[in-house]
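These are the structures in question, set out in turn.
Paired with chain B in one complex and with chain C in the other, chain A is shared by the two complexes that follow.
And now, the complex of A and B:
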């Protein structure tokens, strides 16, 4: 290590030692100007991060595809099939070739985006709802309530996401529980959320515990603010940054989980168009027509990657300890 | 320490019971008729229906059924599937496959993950460091399902290096699925090691070691690595518990007859006893390895005291 570098490192240490804002110590009273500076600092750092722009570009493209698939399918109807074209390889006119039924594969893959995004976003909203409400109650009231809710979270945590959702979706259609017995996107999203809310709950809970004993919370209580007002106005805003990072990455994770469940046969069912179904159908002809597995896999991976990259970039930007 | 372990052990009981009840309730709360599912299209005589209903407690309320199940469980009886085969036999047949798969995955995860993380951590912002950062992001983003097919296509079919399904070639057939199963954790281990090393490289005791004039190698191997690897070792330990229960997709795609594929098949054919038995076992593994790791943490790092 050269002298110059060492000096630089030393300076970095000093700078880091001086930064005690925002995330690093949430007990510091976060006034409006401070909060603005956390977010504007974060935005400045995000703007310089190429991974963020790559992820954001992918993300926006997939959003557009999900909204208007017919444009990206170049006007081809995904269900207009001709068995004569079965398993035809990609060509200039049909970029992704044809599937077993002789349907244009580009159109099919493109039309699959909507279900994935709908399930990913809907599931993450339910995860947030459960996580924030349960986490806030557990952290704020503590004691027996916290113990009970945390043990319940432990129970769900011990079951792998795919396994829990697999069982629930298998039995769902035979119950009379609305949404869950629909075999549709709603059922998949609900099952994923039911076995995926625990991390969000723990995040919120720990943030609430970290700030609930600070002076400004006591001041708010002295002014006569109700529990709900204290939670919503004074405590929960501290959890926004970590929850935002978690949410972004989780959308990607849940989209991957949906494809997996659908592949395993308990998620979306034909005639729905979904990447999981395409991979499942394609694996039978993986030797003769590998493109049938490759294209939906590629697009699925890029979608997941978009959210993971954005989440990673957000974390780097929102964590003041990482800034130099 | 002893008190801490005892308290943790006590706390795991409700979690274990809760998780197994959750699965039990989901599997058995079905209005569907498992006897009809078993018989398929063939007619079943009322006497058979009666005997099966009695044997599987199908008419009792849920909590009675669960209580019966627990009583049997503690006498070592996990019940039988609808063909009369004991669930314990099914577990004995399938568990070794999953253990082998997990062992292979953990070896990959530890060796590749730690080496990549150390090399990236000691030279931050080098080319290799950035390579590790980008490749771990990519690996984390590839769903296991997709990774399994890519591995089968590229390394199995195109290059012909590995068998793509089954266990016919002994331990060798576990390499490809092991690598796929390990991928996510491998990327995480690499990142964890990298961050941990990079943090410790700036610690005072490392600066002291350098100031004493110790050679770079000694500083890294004797001083930095030892401390940096504590969180990594504990993560890998806990991951054993997760991988033992999380190999459903890998085992299904690679056609390995382990507990993951068995539980998947049983969910599909509604073999309730098998599902509940195996899932309870998976939850037990998960909780057990987490507990071991928590205790191990205190052993490895004397700064941590639980009492």
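And now, the complex of A and C:
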């Protein structure tokens, strides 16, 4: 398509060489009346990408599991346990076997989806929001603003994710900050995001700095575009691709980090059910009952894969040069 | 030729009035680690409606920097406009608020760049980018903006405009991309169009078409055209007046016929004799000796004197006209001709 069009152009150029009369046809026929936007073109390209549909299918399945776990647990109550079945291996009736307490493991993994997805997705959205906003402002305005915001990010970098979240979750319940004082998945997600946004910020910042000095930004400025328009319309669409890929991968990291917080006694606590809790508990008996780590890990991996596939497809769709 | 409905009365009404753009004693410095770089040192020129002014100079002569200063796209810092006025329609663009400046850019003065591919945003279709001018400045709906974009693409003679309006910059050839840039630049019917080496990245046949297109558009709209170039051939073909720049100064100014026919400055003379001539085929070109000046350390006196074959630095120099000590002002040499050389009369042979 591209090469053909360019060939046509060149032929046209050659034909026109030496003539000064207007060759353009006067008939203006706008076939589809709406102006194509970045997002409508991106969506059209997404729709044709099998990778996106694969990721989306998985994503929707996990979303449905999170919304209605009782349907997928085959009617088993995850808290109806019999110690006699402790660590029993998978069987035809109980596909994932039993955990240490003798509870049906399939039901537990299925019921864990809700908390794990809430933590992963909510935390990543906050990371994305903080990273893009702070990174874009730092990169675009530069100078003192950049210095200040980058140093703030450095301070957060100096605090380990787990340590920072641990402190925040410890003092959270004693404060009156709405989400933080709940000790629920929202608090865990927020704590993880507040100490995990810096890489996204640095990615966006460096991209914005690179794009800012491009000719098309100078051209937009020369055509009288405002700062906001330049930042939102011209710089960000060219700068978000790496951070999209980064954040999709980060979902898995954040879900796993929740498990560590639990282990330290500040994350979700039993009787809450989450994949992180299960992986953590299963580690103790990984030699006698490896399926206790295997199944939640497998599901977690598939969830992360679903998001990575969607993120990859989205990145390609946002770059017109990648579209066929 | 089909013109946008909003631009219909523009052309004739404007022609004939005084200068639209007036640059007066513009000075631009760059603050770098290796010291101050004086890129533009007191440049003055005027552009009237319908006039084509060519600003001619080699790389580093300050021709692009002065244009960027007018458009407000200099990176400040490191750049700094230390003095001067840029008068557009009676207002000094350097003193009005940034918001006012922004309103002038696009509808009042607009610009096209050397490399059209990197000047177009890769993630938007060309129609969207042309239409953005109407949406940003006139608050037009998407549908209307697209219609206007197709009309403009037609006007800059992009074939099959209605089909190609949704294509992306990378799907166009170099010449077509530059036409898209031109469509964006003329979208709001500016009174002044600055073209910064618009044909440098194009091959020769396409160059000629783009220049023809610019001339035709200028005839239709009566806009003033500032053509920044180092291409003597382009200047000769399309410009009315020419200002030759050297080391951030204008060293000679006049009509193209006068300046090219009989230069009043040794630098212009040197440029002319370095053009390949068909008659002189097989002979050797006459280059200008020496190196372009270092803008961080411009030679004293006339900045061209170290390279000048006609310099007078010894006993033959007239009092107050010592080439290595006295800076020659840009002065009227003969009616309609200005040059910054102590001995222009001699160079001219009058």
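Please note the rule applied: the second predicted complex is superposed on the first by the 186 of 324 C-alpha atoms of A that agree within 3 Å, B and C clash if a C-alpha of one lies under 4 Å from a C-alpha of the other, contacts with A are read in each partner's own complex, and residues count from 1 in each chain.
Definition applied: contacts are C-beta pairs under 8 Å (C-beta built on N, C-alpha and C of every residue); 3 or more make two chains touch, one makes a residue touch a chain.
As the structure is a computational prediction, the values presented were derived from the model and not from experiment.
Trainee: A:311 contacts which: chain B (first), chain C (second), both, neither?
Mentor: Touch status of A:311: no partner.
Trainee: A:120 in the overlay: touching chain B, chain C, both, or neither? Say first, second, both or neither.
Mentor: Neither chain B nor chain C is touched by A:120.
Trainee: Is A:242 contacted by the first partner chain B, the second partner chain C, both or neither?
Mentor: neither
Trainee: Which partner chains sit in contact with A:41 here, chain B, chain C, both or neither? Use first/second/both/neither.
Mentor: Touch status of A:41: second partner only.
Trainee: Pick one for A:135: touches chain B only (first), chain C only (second), both, or neither.
Mentor: In the superposition, A:135 touches no partner, neither chain B nor chain C.
Trainee: Using the touch definition from the top, say if A:229 reaches chain B (first), chain C (second), both or neither.
Mentor: In the superposition, A:229 touches chain C alone.
Trainee: Per the contact definition in the header, classify A:218: touching chain B only (first), chain C only (second), both, or neither.
Mentor: Second partner only, chain C.
Trainee: Hey, what residues of chain A end up touching chain B and chain C alike?
Mentor: Residues common to the chain A contacts of chain C and of chain B are 9, 13, listed in rising order.
Trainee: Name, in rising order, each residue of chain A that touches chain C in their complex.
Mentor: 1-2, 5-6, 8-10, 12-14, 16-18, 20, 22-26, 28-31, 33-38, 41, 214-216, 218-226, 229, 233-234, 237-238, 318-321
Trainee: For chain B, which residues count as touching chain A in their complex?
Mentor: By the definition above, chain B touches chain A via 11, 14-16, 18-19, 22-23, 26-27, 29-32, 137-138, 140-146, 149-150, 152-153, 157, 202, 242, 245-246, 248-249, 252-253, 263-264, 267-268, 270, 275, 279, 282-283, 286-287.
Trainee: Residue numbers of chain A touching chain B in their complex, please.
Mentor: 9, 13, 51, 151-152, 154-156, 158-160, 162-164, 166-168, 170-171, 174-176, 252, 256, 259-260, 263-266, 276, 279, 283, 286-287, 290, 293-294, 297, 300-301, 304-305, 308-309, 312
Trainee: Can you list the chain C residues touching chain A in their complex?
Mentor: Per the stated touch rule, the residues are 1-2, 71-73, 102-107, 110-111, 113, 115, 118-125, 127-128, 131-133, 136-137, 142-143, 145-147, 149-151, 154-155, 157-159, 161-168, 170-173, 175-176, 181, 184-185, 205-206, 208-209, 212, 216.
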